[in-house]
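Lettered A, B, C and D in written order, each chain numbered from 1.
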Amino acid sequence: MDKNFSLPLVESNDQPEVSEDLAELYQGFESEHLIPLWTQIGDLMPQHPRSKAIPHLWRWADLVQLAARAGDLVPVGRGGERRAIALANPGLAGKPFATPTLWAAIQYLMPHEDAPEHRHTQHAFRFVVEGEGVWTVVNGDPVAMRRGDFLPQAGWNWHAHHNGAAAPMAWIDGLDIPYSYYTETQFFEFGRDALSPQERATPAYSRSERIWAHPGLVPLGANTTSRGTPLLAYRWAHTNEALAEQLALESEGYPATLEPGHAAVRFCDPRSGADVLPTLRCEMHRIAPGAITSTSQVVGSSVVQVFDGRGRVTVGDKTWDVDRGDMFVVPSWATYSVAANHEQSASESGALDLFSFSDAPIIEAIGAHNLHTGVQ
Amino acid sequence: MDKNFSLPLVESNDQPEVSEDLAELYQGFESEHLIPLWTQIGDLMPQHPRSKAIPHLWRWADLVQLAARAGDLVPVGRGGERRAIALANPGLAGKPFATPTLWAAIQYLMPHEDAPEHRHTQHAFRFVVEGEGVWTVVNGDPVAMRRGDFLPQAGWNWHAHHNGAAAPMAWIDGLDIPYSYYTETQFFEFGRDALSPQERATPAYSRSERIWAHPGLVPLGANTTSRGTPLLAYRWAHTNEALAEQLALESEGYPATLEPGHAAVRFCDPRSGADVLPTLRCEMHRIAPGAITSTSQVVGSSVVQVFDGRGRVTVGDKTWDVDRGDMFVVPSWATYSVAANHEQSASESGALDLFSFSDAPIIEAIGAHNLHTGVQ
Amino acid sequence: MDKNFSLPLVESNDQPEVSEDLAELYQGFESEHLIPLWTQIGDLMPQHPRSKAIPHLWRWADLVQLAARAGDLVPVGRGGERRAIALANPGLAGKPFATPTLWAAIQYLMPHEDAPEHRHTQHAFRFVVEGEGVWTVVNGDPVAMRRGDFLPQAGWNWHAHHNGAAAPMAWIDGLDIPYSYYTETQFFEFGRDALSPQERATPAYSRSERIWAHPGLVPLGANTTSRGTPLLAYRWAHTNEALAEQLALESEGYPATLEPGHAAVRFCDPRSGADVLPTLRCEMHRIAPGAITSTSQVVGSSVVQVFDGRGRVTVGDKTWDVDRGDMFVVPSWATYSVAANHEQSASESGALDLFSFSDAPIIEAIGAHNLHTGVQ
Amino acid sequence: MDKNFSLPLVESNDQPEVSEDLAELYQGFESEHLIPLWTQIGDLMPQHPRSKAIPHLWRWADLVQLAARAGDLVPVGRGGERRAIALANPGLAGKPFATPTLWAAIQYLMPHEDAPEHRHTQHAFRFVVEGEGVWTVVNGDPVAMRRGDFLPQAGWNWHAHHNGAAAPMAWIDGLDIPYSYYTETQFFEFGRDALSPQERATPAYSRSERIWAHPGLVPLGANTTSRGTPLLAYRWAHTNEALAEQLALESEGYPATLEPGHAAVRFCDPRSGADVLPTLRCEMHRIAPGAITSTSQVVGSSVVQVFDGRGRVTVGDKTWDVDRGDMFVVPSWATYSVAANHEQSASESGALDLFSFSDAPIIEAIGAHNLHTGVQ
């Protein structure tokens, strides 16, 4: 039997004493591929979620340095597909998963390098904490990537990455790889080996934005049924303004923020207001200087990257001082709070900005987020 | 790194040669809790689902014999909670899971024995292939269990089992334990240690049936918002009649069956027509003597029990002759077909009846069932 | 200008004095097909709904007597289509509408008479307060009609009526004719002039019931997307049992009724639990002897027929003693309550049974039922 | 009986000859408030919608001239509430309704004049074809009104209008007054008689825009459950850009328009992508110079205003040359097409821009838009 399943029972003294007869029965179970509940229940049915993942922090400087070294040593091409390096939660037994359901990686592209076209049913996004120069080409539509931009990539769309600049560029990828791996729902297809000249163009805005990035306006002639958002880039200018306005309204005395000093927006499908991807919830939070968030504790896990500013983060029994680019995980049912430093001199917005993504859509799709409360 | 992740790549020769520099980089990754995508992609992102679970069959006679032995040796009580013995798929590394998302177990209760009250967020059901005499008491409502009955048990309802008879009784439990285990969404609470005299009553029908088991009629005064069906028993008389009528109509020349000689019903929430449980789809299929089903291949896994009759089942590269009570698994994306024997002399309905449950609700909730087809 | 629009204003003294100049302006409005709001607002925008319909009662004896006379004098055939006689609310200016949105009629078929096949987008139902012998043939499926049966008929299904008996039969039709008339959404098509011998068969149960009338069971091979319920008959035996069980459970001390002594069920689409027809909500209520309902006041109107028993009904400022078959209307926002007589000697169920239908689905579809409460 | 109900039958010769006996029966019907179907069916159940409304055009110059005269003669105040003048379709028997379900009016406010605060369950919007200087104050939030702006006003929100400028201003109001009048669902409440100084402020942007007008971004701290959009202004700059981009993409060879030369956007609730109001669909269409739309024919009616440019419009058997501000109605099931003039010198966008609103949400809510097609 798997070691994972030898954790202590709810009340281990309830375990029956293993007589010779019982040992024989257990032998019979094993040979028939059976396992009794009573030896496993403590691990399988705890009184509340006890995540195998642990709270953990990765420093952006370390991530970039190792990714850059990979840029020198590892080519990008068909088969390996992407120079992406995944955050592997120390509690997850060597699996390349940030949490049991979420994949987070730093991706790195050298000057004038391309990552080849493919598509897969895993839902993905890119988020850019620094740099620019890469275009993600989605179904032939080149989408610029610049600091602060959020690029969702719903499953089964063709995509490639093209670095049109003379400098390397790093960004983060978020995917539902662990979830699709576990539920065994993955499909993958190779695309063309090279992009066309038109696809290697570097327009400031994608066609998807020109059609979809108009607030409250839905085009009548466009695809309205594909799964996942048709808007392929959520630009920093919009996100920044939305957050700034929430704090400004708060200071004018109007309700607008999530809690005092804490502005937040969710990236959504403009056709439905639903989560931007069927399996991933993505948000940007801004904590005003000196503000402290309330402590949350939710069913389901998330990964957070510091986009700008500095603060102190507490997840479960861990506390870290964080800076631009740092990434950390919040396991299921772990407590979580953030305090923004009073001084935010290095921050563009003058505040602590946090990008986060979580598995909330899959948790909520089956109603597991609040089932235990009896309130539905 | 986990052995599971050393599977061959899509094209393993694309793997970069491990120079001294690269080995050093890999060492750096490991110390920083990072894992590159390019060594894992073949396992994580296959061209179609390749289930770790394997097609496997458990014989009912074996299950009952071992469960009965457990009845002799293992008491039922607080802590172990249930005398349930789980089907452990040989491909799943010693975990007590029938498939990556589904739990299936035989549960066994000795004469006049009670299994104590508790509740958990895992969704569950009972299905009875033989015997009677046990009542499952749900929030104080005693629900009789008899051959052919299907008893759904949505998460977070209090429940206990009470054997009011002089004979032991076995049945199967289906739960989403693996799914909730992996997504880390479990809550559990102990209930009272003993049932009240009213709860130990043994009425023929539960109060839930008296309120909800009227076709097309929704009571105006009853709870209509709880998660999971309010109807706690789906009786064999109804299921049998529904299947018989489909085959009768087919023989009269009218469309009614799923395919020739193949009748099927889904157990549904009468308030919504939705799957009877948020995470589990449960169905009963009847294959007429000599009929052969078409071959299916779906995203997501299922577990099937032969309720009655005899036939030959093919799952992937395995073929078994099956009989009453036998249980088998259909892993994600495995091909599956059934042929009913021409002679069904031992079958009550004169056909091959199969009870099945699957993870389809969670697969469909995120749209993974057909994302790869591009048809949505 | 329409007389209807000369009702007093909210504050009529706010109406501007009609000077010569203003009279000229009003003349200009009229010639340009314009009407000012300020002369109409009191009628258009009252402080709460003031229905043009009035509470009114029709006696069953009168309805049947006139319908029978029509049976003697008026043939049924192509063009007139049905021998149906509509309740015309005295407040609705000669329109054949029971309420502004609902049509209610008595239909009458002589022995061995057929009403020809047609289809229309109006949604309809039949409800039988007495008699039997007629089959409604829906898309070729003969559906028996007997006392207490409810037969929904979603729009755009072919249907004809066939009296296979030696006696005439009367029943009530409910449709959304006024609503479709006002929103101008009607389509109509003639069908075949005669039914086939198979369609003139008189089976005890329709094929639709054989497929769909199994509680909580949805057939996998059947049409699951048509608009409106696929179940074509809701039999009295089921309805009666559901109501009886609610009162029995109440007497045993369990919650099951809508309020003390008041059982109620809604006829629903078994695929969705939604209202049985997209525009009509249909229910059966049972008031125990001597019980009195609470007084309701809802947005939207309804029509009620006494199915069995006797009682006293109050709608707005009207009160009637009612008996089997009597029909009355409850206009929008009118108060409504019912008291069942203590003695119910003539009633089969020993109680007062009321069949009702309303426009609630269209009211709720746009959220008008509770918009004024600010609670949504 | 109402004259409206004497229209010819489908086949009038099917009407039974009125013998003395039948005349007596008809007398009996009348005295019992009954009306037979067979004399009404041709009007009630036509083979397709035959709107009582007729295609009609109102010239903007006429509307403004009469509204300005009303500005001189009719004060705005409590009771009359608004200086609004409704388009009264010549086919609708003197009712102040543009179509059977839609209200359209020109509203006019003199310099420094206020229209008093009230709220009602009718859903409303304002659209500005020319001018500026008025603020609509919604629940205390002042919303500027300028040429091209669209201001939705979901039911039951407090609102007043305040002209802060030295010039009068005219705009159009669209409401579901006829629909709520006919379904009898109206509630109305007077608000305060005067606005506070803060509410008389004239900010460039409302608070609602500062919170909600960010594409694809949903604020986490804001009201997300109110009925109707929380975004109170859709600015012309956004609408114009969205339309311009669609035509630009078309010229670049990409799919983006509704049909060649025809760009279109729908105003939507940013939380859901649903129609901006529960009962009204609002859109802006741009027809390139010389382009001709395909001919549509839909169930349900609409009202259109020319926002800019010139063209020729055909509705049913009517054809008009139209110019800025002109308004016309498209009755249910009437054919409709538009041709933009080749020269659009006076148009800002260089094209023909049409604002339209319709009753599509109520038609679609009950599935009446395509029920007759059998495709659902």
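Assume a residue touches a chain if its C-beta (ideal position, glycine included) is under 8 Å from a C-beta of that chain, and two chains touch if they have at least 3 such contacts.
These numbers come from a predicted model, not from an experiment.
Chain centre most remote from that of chain D: B (centre = mean of CA atoms).
Rounded to whole angstrom, the centroid-to-centroid distance between chain A and chain D, based on C-alpha atoms, equals 43 Å.
Centroids built from CA atoms put chain D at 31 Å from chain C. Work out the mean CA point of chain A and of chain C, and you get 53 Å between them.
Multi-chain contact residues of chain A, defined as those touching 2 or more other chains: none present.
Chain-to-chain contact here is organised cyclically: the chains close a single ring, every chain touching exactly two others. By the touch criterion stated above, chain D contacts chain A in their complex at residues 207, 210-222, 229, 231, 234, 238-239, 241-242, 245-246, 248-249, 254-259, 262-273, 276, 283. Interface residues of chain A facing chain B in the complex, by the touch rule stated above, are 1-2, 4-5, 9-11, 13-16, 19, 21-22, 25, 28-29, 32-38, 40-41, 43-53, 56, 58, 62-63, 66, 69-70, 72-75, 77-90, 93-96, 100-101, 105, 120-122, 155-156, 177, 179-189, 225-227, 278-279, 299-301, 331-333, 359, 361-363, 365-369, 371-372, 374, 376.
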